[in-house]
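Chain nomenclature is as follows: A, B, C, D and E, assigned in order of appearance, with residue numbering initiated at 1 for each chain independently.
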Amino acid sequence: MQYYVLIPLLPLSAFVLNILFGKKITNIFGESFKIGAHWISLLGVASAFVLSIIAVKDVMDGHVVNADLYTWITSGNLRVSIGFLIDQLTAVMLVVVTSVSLLVHVYSIGYMHGDKGYYRFFSFLSLFTFSMLMLVMANNFLQLYFGWEMVGLCSYFLIGFWYEKKSAASAAKKAFVVNRFGDFGFSLGVMLVFLTFGTLHYADVFQGLPGIIGQKITVLGFRTDLVTVIALLLTCGAIGKSAQLPLHAWLPDAMEGPTPVSALIHAATMVTAGVFMIARTAPIFNASRTAMVCVMLIGGCTAFFAATIALVQNDIKRVIAYSTISQLGYMFMACGAGAYAFGIFHLYTHAFFKALLFLCAGSVMHAMQGELNIQKMGGLKKYMPVTYWTMLLASLSISGVPGLSGFFSKDEILLKTLASGLPFSGVVWVLGMLTAFLTAFYSFRVIFLTFHGKFRGHGELTHHLHESPPSMAFPLMVLAVGAVAAGFVGIPHSLGGHDAFARFLEPVVGEARSEGSVAQQWVVMGLSILASTAGIAGAAYVYLKKTDLPQMVAESFHHLHSLLYNKYYVDELYDLVVVRLFYRISRGPINRIVDGRIIEGVVNGVPSLIAWSAARLRRVQTGVVLHYSLVMAGGLFAMVVYVLARLWKVI
Amino acid sequence: MRFDYPILSILIFLPVVSGILLIFVSRRFERAIKWFALTAATLTFLFSLPLFMNFDKGTSRMQFIERHAWIDDWGTSYFLGVDGISILMVLLSTLTGILCVSISWYSVKDKVKEFYIALLLVEGFMIGVFCSLDLFLFYIFWEAMLIPMYLIVGVWGGPNRIYAAIKFFIYTLVGSVLMLVGLIVLHHVADTFDLLKLMNTQLPYNLQLILFWAFFAAFAVKVPMFPVHTWLPDAHTEAPTAGSVLLAAILIKMGAYGFLRFSLPLFPQASVAMAPVMLVLSVIAIVYGGLICLAQSDLKRLIAYSSVSHMGFVTLGIFAMNGYGVQGGLLQMINHGVVTGGLFLSIGIVYERTHTRQIADYGGLASVMPIFAAFFMVFTLASIGLPGTNGFVGEFLVILGGFSRNRLSGVLAATGIIIGAIYMLWLYQRVFFTSVNERIAGLKDVSLREGLTLLPLLILVIWIGVYPDFFLSFMGTSVNSLLARLHQGPLDQSNVMNGVISGAGAFVK
Amino acid sequence: MIEKAFFLYFAFAAVAVSIITVTRRNVMHAVLCMLLLFFHLAGLYLLLNAEFLAAVQIIIYAGAIMVLFLFVIMLLNLREDVKKVQYGRLWFVGVIVVCGILLAMAGAYVFMVPGQRSDWTIGRIVAETHTAAIGQVLYTRYMFPFEVVSLILLVAVIGAIVLAKRQLK
Amino acid sequence: MVPLNWYIWLSAILFCTGMFGFITRRNLIIMLLSVEIMFNGVNVSLAAFSHYLQDAAGQVLVFIVIAVAAAEAAIGLALVILLFRHHETIMIDEINEMKG
Amino acid sequence: MTLDHHLLGISPQLWDIGVIVIKIAVVVGAVMGHVAYATYFERKVIARMQMRMGPMEVGPYGILQPIADGIKSFFKEDIIPTNADKPIFFMAPIISLMAALTTLAVVPFFDGFVVSNVNVGLLFILAMSSLGAYGLILAGWASNSKYAFLGALRSSAQVISYEVPLGLSLVGVMIMAGSMNLTDIVHAQQKFPGGIYLVPQLIGFFVFVVSAMAETNRTPFDLPEAETELIAGVFVEYSGMRYALFFMAEYTSMIIMSSIAVLCFLGGWTLPAFVLKVLPFLGYVPGLVWFALKLYACIFFYYWIRATLPRYRYDQLMAIGWKVLIPLSLANIVLTGFISVWMP
């Protein structure tokens, strides 16, 4: 089993080699001989991928591994180790992470060609892969937290990859900081877990879980259910990492990073860590109904919320980014509804089609010389057929067209949500349905605006329009296969399948709360098909037939449009409430008044008080010796009188 | 573990004597002086390694004890020894000594000889502070260190150095004088300065309280805790690089060390009773120090304020009074020394090139000095407590300690991490990212010397981050016995104790 | 009887001369009166069988210190000061204070208790000669103060030179 | 025999005379002379006590006082010269360099 | 208190006082006569040294010249400068002469003949000789004249400077004699094998002689009254009787310094024991004769020096005083002290 260690270690060594010698390697082999830094990373990730496949096979054979590697921190009875837990959930994540990572690595060879930070890019990609693997392979909370923060760091590096751009640097910082807000809760959650259970190992925690159900804890004066508090604190972390409401604002900005990064980190893997974490800690959530409802509500609201924004965005990557947020909302819905397996299933299918979408967008950008505005595209179908067809497949998949992978997962989520029987599940289900419609609509809006109709961009650009190089096209095709076929591992019973995926994960996350009746299954399925087709049709009608309609709608619903277009003004709100406030408080009250005036005032005030009184007192010092002598004599007089008085017993 | 030779005395007096020897060297031999200082510092470090190797982790007793009669009438002896609490600080001091000599190689241009003399003296006295087991001896080292440090700030500092140096001096002195009064009272009561004997003396509660506050004055200023921190930004900012590093890495640890070594064991009941106050101050320091960083436009000043915040973690850990807290606090002391030391070294490196500390004068440095940017990045990350770096381990343990002592303090301390990320990353962005500011265009990347100066700290950052157990194992036993002592005494009736009992209950045997 | 007469003469003369000294306008006259004072005091010392002190009083006070004063007065050539106001503005306060002290001392005198007699009787001093007597005490019991005084004198010499010496350019 | 208290009276009066001169006169040299008078006043009582108590210590003290007076005169006069060089006067209240 | 003293029905105390008064009269009269003829002696000696005759007119060989001079100055007009500080101007010569004459009180001219046999005789002489300077200083000040003033300045500095080696040079003698009483010192010399202290105290004698010359303002140290530089210095405004008083004071102090030299270094009125052993008949000659002979030898030495040596420059004077004489005398004291401790 030792080779498991190699899965994260190989990308790590790739990172180390690359960051230390990457530049040298490029220099040694020169510009002409393009055996660049990517080979090291590629090799590392590819081997990790192969090993992951082996690991999956082992898991399928029933070899679940839970082993400690070494003790990381010891303090009192806190013993945290670095170790690996390779079970079904991990296996799925391993495949997703390594495969998408591998494809993105390949894609990046072409995409990042000629960039001066080429080696840096690949080393960070490798580092990310390592971190993500550490995250998913963790067997305790603190290691999870370790991976959690490390992927955040890589995200920071990669978003800010083009750090000369101020927007990129700011976006990177924003991503990190917003995540920190989530991590704040997460870390407290971890501590609470430790203080409650006395351990941080998943297995031990879950074992001790039944014992603490019903215990109360006082938080800020409120007596609350302990498990709920833990679960909600953990959810905090998940919200941050998975860009759910209200901590979603960083993800759209993260699109400042290179597109492969968006595909890998901000679509397929890192952002899904939140979902993974909830699934991983499923027993805790299962123990708290409140927490589950919260998660579900957050998911539903986020899904709808992000989808509405996606409707009007013109930046192709931002549309996809909001779509990602929306899809992550679905996964949260599933987890909240207790259908962790389907959350993970959606994660799994989403990884493929969303990565594909991003990579296609990257391909388009590549052709468009970095242009992102879909209003300035159009008719690219004939120039880049591979991109078009793969993107179309991905869009169909995300829209939930039957038979494609997205259909299976989304459909199941909607069904399980409705059937969960939790409070508000109905509302969330309606939101999910609406989102399904919106998803189809905006996805195809992108397709139609980008690839159909006439080219609306700058004339000269037409000469540059071309299909991407093979290194980029190949991953697209591979991912397209995934987007189409990935769902086949989880065909539900109602469609004659075996629900194999959920069965596979059952040992880890348990069964979904309720299957729902067969009728329900069919109704939901029908409705979701209806929603997706309606969406696609609507998009086709608006953007292919009545091309002036969007303009008219936007004008007639001016306020709504600008509300959506400006993303509900969330960024502005945060800027106002959080950023400005912090800065203002820091600048004014704290720096100037408390530190500058009060403390420094006291510190400098004491000496100046002394100086002031000294200035008054020094007038006594006339400088005239006669006065001094007089005072001396007076003193002598006083002394003699005192002695005399003592002698005469007056005093 | 006993040595044939007095290793602690060697550690203290090797730098001191070297410094004194330097006095007799003509100032014309600048190179020789530098090499001599480097050799002395390196030798000191090498001598400290056997200490490290032969340290017995299994006992909480003092080790490498040296005791010689000194002033018998006063109950004072020359009494040295280390335990798990101090040994790491000694090592950090010896390491920092080398780095300070190295970083000043070219940046100190005038009065070179005197600078290195001061530097070596400071190093020796600092080690003395950490090794003294006699309160009188401790006080002597404590004060003696102040003089060369004052000179370093006041002579080789920035434009506003005199103000900063005097402020530093007076602040510290006022605190120290109160401690001196406390020492005298203590001696009056117990008739000895011997720490170990004093620890066996049960002092009345009221006296403990008074003495606790007297010692608090000295230690809190050094740490510096919240309301008495304003000397730090000035001193840090105006000091030369080596001075800042010494201040950040060692000097301000002496305050926290003092709490652990003297306040807690000597006045256990008072410490326990006063812990809530200390916790409040610590939390204020964490949040306040973090917030105030956002308003800084001066690189060193920002880092200085971040020190306030980070030292807030240390005191929080110490006064959480449980295993996690104290161990975390101790580790955080090392961490802060390494990280902030590294940051100041880095700033020194770049200041040597640009001669400006204003953040606004930078921008795009990552394009100009990529290797430097990488170093700085690692220190930044460690500063904000990224897992895998040392900062995480310390902060996690401290917050865990604080959290188990008093949830609110843990929660508020954790916000410090958010704020830390904000200001450090914002700093990094303003300095290293965006387009290249013309003022810094064409700067040379770090030289081999500078790289080698930063490298040990970098290694420590990763080492402690990945395998902190190595370091934690040094302090475990000592911390346990300290805590046992802290909680064994008759508990005060005041209800502030409840938190402690619940938090550390599991820990106390 | 004759001793008392001598004493009264010396005492009244000394007081008169000292009062004249402190009230002279002309510094030179003050110094001369001072000189007279010293002679009278020397006479008192002789009455007290302290011939060595009397000689020393003359040699040092009259022979050295007063000459020094004269020297300085001449060096500064203080002839103009005679015309200036001689007393400070607060002179009456001084008078009151001094009278007060004198009264207070008079009051305290009532309580004076003479101390223990020691062994240096007049006969013994005469037998050993006064100089030898003082020498014996001075160089045995008061050796340390004597050395201190010599050090003070050395310091004074150096100090006076340093202070009064003009910087040579 | 002359009674001891006669000497003491003389001593007190001399001392007070000297002090009067010291605290009222403006002339620095007269002030120094006044100090000498005070010294002498004290010396008289010392010598008298020494004689009446038959203790040589008093006379030793007189001796020491005289030596100190010499030192005082030397330094004092040096200062007078110095002051006069700077201020062209020895009227003490015209010199207030040390005014606070 | 015996009956013997009640002579003529006069109480013994008054009798003592009477004796003292007579002694004083004798001594002062004798000395004044010698002073008068010391001037004559000086003029003759110097004249001879300069191959002149000296005073020849008044009386045989001009022997009445001093009397004539005295009468002349007594009747001269007493000129007092307008701006002079009159009381001091009057007092100054008197102080000078009184200081000189008072000193005579402790000088034993032969065995047992002394006005007042004081234990601290030597100190008394030193004290009075230092007072002599006041006369000069006050004269210079009171004259209110530039030359006189400069002379006075010089005089005060000179006196302060040479007072010290003068006193110190005698310390050796005091150590050897163990007394400050001049009679005792002479007796001590008799007991001393060498008979006179000149031999062991050669350094002291040298210092003493030089200091004495300075102290008495004689050439080559006559700076306060240097004719060529300051046209008689402090005396420039004095004339007639007052000038004569100064003159007398100077010669009196010369005689006194010479007698101290005789008493302290040359065995006083005695002869060394070995001389008496060889020539016992000399013991029958009165001590006063020996004393006078030695005295005049010393005075002759004064004149000799005056006729031989030029005047010193002022800074040289100071330098000799502080840098040569004081160290020498201190060394002498140390040496004498060591010797008297090791060889009692």
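The rule is simple: contacts are C-beta pairs under 8 Å (C-beta built on N, C-alpha and C of every residue); 3 or more make two chains touch, one makes a residue touch a chain.
In this text the structure is predicted, and so the values were computed from the model without any measurement.
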Would you kindly count the fewest steps from chain B to chain C, each step being a jump to a chain that touches the current one?
2
Most widely separated chain from chain D, with each centre as the mean of CA atoms:
A
When you take the mean of every protein CA atom shown, which chain's own CA mean is nearest to it?
B
Among the chain pairs here, which one is joined by the most contacts?
C-D
Name the chain whose C-alpha centroid is most distant from the C-alpha centroid of chain E.
A
CA centroid of chain C to CA centroid of chain E, Å
28
Go ahead and note the Å separation of the Cα centroids belonging to chain B and chain D.
60
Roughly how far is chain A from chain E, centre to centre by C-alpha average, rounded to an integer in Å?
117
Counting only Cα atoms for the centres, state how far chain B is from chain E in Å.
83
Two-or-more-chain contact residues of chain C, please, as numbers and ranges.
52, 56, 64, 68, 73, 75, 88, 90, 94, 97-98, 101, 105
Using the touch rule from the top of the page, what residues of chain D touch 2 or more other chains?
19, 23-24, 26, 92-93
Would you mind listing the residues of chain A that make contact with two or more other chains?
624, 626, 630, 633
Inter-chain touches occur between A-B, A-C, A-D, C-D, C-E
Interface residues, chain C side, partner chain E - complex:
2, 26, 28-29, 32, 35, 51-52, 54-56, 58-59, 62-64, 66-68, 70-71, 73-75, 77, 129-131
Which residues of chain D touch chain C in their complex?
1-2, 4-8, 10, 12-14, 16-21, 23-27, 29-30, 32-34, 36-37, 40, 43-44, 47-57, 59-60, 62-64, 66-75, 77-82, 84-85, 89-93
Chain A contacts chain C in the complex at 624, 626-627, 630, 633-634, 636-637, 640-641, 643-644, 647-648
Considering only the defined contacts, which chain C positions touch chain A in the complex?
88, 90, 93-94, 97-98, 100-101, 104-105, 107-108, 110-111
Which of the residues in chain E end up touching chain C in this complex?
13, 85, 87-88, 91, 118-120, 123-124, 126-128, 130-131, 133-134, 137-138, 140-142, 149, 152-153, 156-157, 159-160, 163, 167, 179-180
